[in-house]
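Next come two complexes built around chain A: one with chain B, the other with chain C.
Showing the complex of A and B:
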């Protein structure tokens, strides 16, 4: 009893609240990346290995636009559009020829793309991290910390983008096509939906979402050519834990895992806190291989 | 295999072996070392071909087995010089280690590296074989990252970011006959291990066990329906593959006299997959050819455009082109014949 009491009296309540906030912020960013990844997987069974590199590419385009125009919001929009165009082109060049082959070949092809992009970024921008300035530098007091408003803006914006995407899937003409193609590719084709272009568009949307999260996240960590790999691994974990191709599950899993990791980093160093998400993954694979946030398959 | 095929096969094998044996005697030291390195990477690629080419499971986590082989060898080679580690071990194990030999010992390095890699492979296999296709690929990738994070952050034991460096053990059986490695004997030792592994793996892949693996690749539900315990075969395949990947890790550690976390990192797994796809999966020799092509292209591009040239950009384009236009790889045309 005394041990329990001392646990609660020593419990770092303030730190706990701060970490909850941090966890939700990174969770929203992760959800934005993972929902693009899960969209691409759900619609064409492609695991996009280059997703992290699209995230990184978006951040670098953001750096370039920001340094020439000085406007963060313009950088956000331009990076999203440019990387979305790039993603569409990448799908047409590398993935279209592979339609109908073993899905494993697509993982290899996108892996090749990720190699090219990562080394291009290293070659072009060098190994030194670039900085994106926050568009809004205000702070508010949270216990002993000055917590930046910008972090909350990121979370809100990510939620807005995901919400907009959900509305688009639900009511937009192309969104309905995307859902139809997800359900039954052959039938969709028979109904006159241009399935190859739906695939390209879905890939472009996923790429654009990754790029947007890259620009949004840039001010927190700095932009660097290896940032893609860390995030794509996390996004993979989220997508597997959330249930492959399940959008709502991915979002829930992203927030769940980010919260766990930020709570774990109260007690251990952040580089080891990553192991928590690995453990969640292993447990999920053991007991619910279809994903934590999906109904039990019958 | 007809009699004629057998003669062609073994004479081809003999010619290539003779060329590789003669290589360090005729080539300048730089290129002789280069060929040794190709053989080591080729063994790693060949081990992952068991999964990619024969069982139809793409592993993106072979760096874990390779790296654990390196760290296992490092442990064996440092254990005698660092008394602190010895005090932790039980008395029986201490005596056993001293009995095998107190000097840096090649056999001990091999044993430790293989045991480490096999243990890790058993662990990874148990979890990852529950999943198929893309899920398997992602799970192996994430497992290799787990080991990377552990090795990277456990500085007291693994040396963290700097890794461990050690003296190269002598060639031979301790107590009976030893001789220090020269570049030539190191090359021949590596060649013997790689060629031996090739012959063993070729035999295994043509055995009933290998046939079951290939039938899992072709049609898993049917293999299960016939009555084979598919999961058990997959676990053994992953362990076999991990064992040989660990062996290549030991060879690399012996050649370079260090173990570093960079070699547990995902890049190495990616390289192994690239070697396989370039050279031709399901052939065992294809991955070695793929490794040779990759390393030669890298070397050539480096010489043409300078060391700073991002060689992975053109290689990435070549890799994608091979996937789209030459899905069987460079040696794909020989695949049927090599497996007869």
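Showing the complex of A and C:
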């Protein structure tokens, strides 16, 4: 009893609030990456191992555009569009010829692209991390911290992009095509939906979302050629925990896991807090292999 | 009624011609040289026991499986091994045996998969929707309900309505009455007649022999992946020897 009381009297409420905020910010970025990953998996059963590199590529395009034009927002838009175009081309060249083959071939293909992109970035930009300056440097007081507004802007922008994507899927003509193709590729084709192009477009959208998150997140971490690795690993965990191919589940799982990690790092070091994600992953695979955030299959 | 229309159907030029089709699933040889024609606006029945290749014939015509040999003509133009989404644009619609409703899409969204084509005006879309809601009032009532929550019969109606959204020249209709209550079977029969009156051709795969003979002008009977018999529907009766021989009815 005394132990419980002392836990509550010592409970770091201020830190808890700060970590909630941090968890939501990283959760939104992670959700943005994971939505693209889960979209690509859901629609063409491709596990995109190059997704982290599309995120990295977005950040580098952001660095380049920012250094030539000085506009962060232009960097965000151009990086999204250019990487989306690149993603579409990548799908046509490397994945379209593999339709109907063993899924292993698509894993190898995307893994190959990921290695090429990583080494290309290393060759072009060198091993030293580049910096993206945040577009807005204001702070507000949060207890004893000066909390940067930019972090909240990231969360809001990610939420806006995901929300826009959701509206597009729900109401747009192409959104309906994407959802129909996700559910039944063959019947979608029989209804006149150009499925090969829907695949390409979905891949381009996923790539664009990864690039946008790369630029948005760039100011918080350095931009280097391996920055995609940590994120794609977490995004994979999120996609599995959320239910493969389930968009809403991925978003919920991204926020859930990021919050858990931030809370855990109140008591243990952040590098140990990562273990929480793996524990959630393992428990999910053991007890709910179809995903935590999907209705129980009937 | 059907006798007059039969003669019309025969005189019409062929809409779909299938010549010597050989289709495989992996190594198993399913179609052994299927040939048939469907005239413009004609209802043609395709009868046969389970597993003789009726559904495979439809899937091959729809471009969902490519044949190893043989050719398919649509209005005289070769369309063999054309992807299904292009055939859908050229006027072939497909209602599969298992209906394949987009279960998570609403009824309206299911219809929109066929309706949101380039070149269809909003007024035309509205007309097409009103038409199918007049044929199938229940779909109008449930337009915002997920396709997966409909009953089997309603899903069958939705599958047919969805195909109609493409304004097809021919509908490939695979066992539309399978597992339905007699009242629903009657309704499907009426829809086939209505589509026929509108000038839409139908290639109808069915186990229900009486319905097929009534609804169609000609029938083909398949066995072991090939057409074994071909007759005017009006010349056949349910109890005929040829029906007993190939269908065991």
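Here is the rule we go by: the second predicted complex is superposed on the first by the 298 of 298 C-alpha atoms of A that agree within 3 Å, B and C clash if a C-alpha of one lies under 4 Å from a C-alpha of the other, contacts with A are read in each partner's own complex, and residues count from 1 in each chain.
In this text, contacts are C-beta pairs under 8 Å (C-beta built on N, C-alpha and C of every residue); 3 or more make two chains touch, one makes a residue touch a chain.
The model shown is predicted, which means the values in this text are computed figures rather than measured ones.
Looking at the shared chain after the overlay, A:237 reaches chain B, while chain C stays out of its contact range. After overlaying the two complexes on the shared chain, residue contacts for A:142 are found with neither chain B nor chain C.
Comparing chain C and chain B on the residues of chain A they touch gives the larger count to B.
Of the two partner chains placed by superposition, only chain B is touched by A:120; chain C is not. In the superposed pair of complexes, A:184 makes contact with chain C only, with no contact to chain B.
In the superposition on chain A, A:266 contacts neither chain B nor chain C.
Of the two partner chains placed by the overlay, neither chain B nor chain C lies in contact with A:167.
By the touch criterion defined above, A:104 reaches chain B but does not reach chain C.
Across the superposed pair, chain B and chain C touch chain A at no common residue. For chain C in complex with chain A, the touching residues are 62, 64, 83-85, 88-89, 93-94, 96, 100, 102-105, 109, 112-114, 116-117, 162, 166. Listed in rising order, the residues of chain B touching chain A in the complex are 58, 127-128, 130-131, 133-135, 137-139, 141-142, 145-146, 149-150, 152-153, 266, 270, 273, 277, 310, 312-313, 315-317, 319-320, 323-324, 327. Residues of chain A that touch chain B in their complex: 45, 47, 94, 97-98, 101, 103-105, 107-109, 111-113, 115-116, 118-120, 122-123, 229, 233, 236-237, 240, 244, 269, 271-272, 274-275, 278, 281-282, 285-286, 289.
Partner chain C is touched in their complex by these residues of chain A: 173, 176-177, 179-180, 183-184, 186-196.
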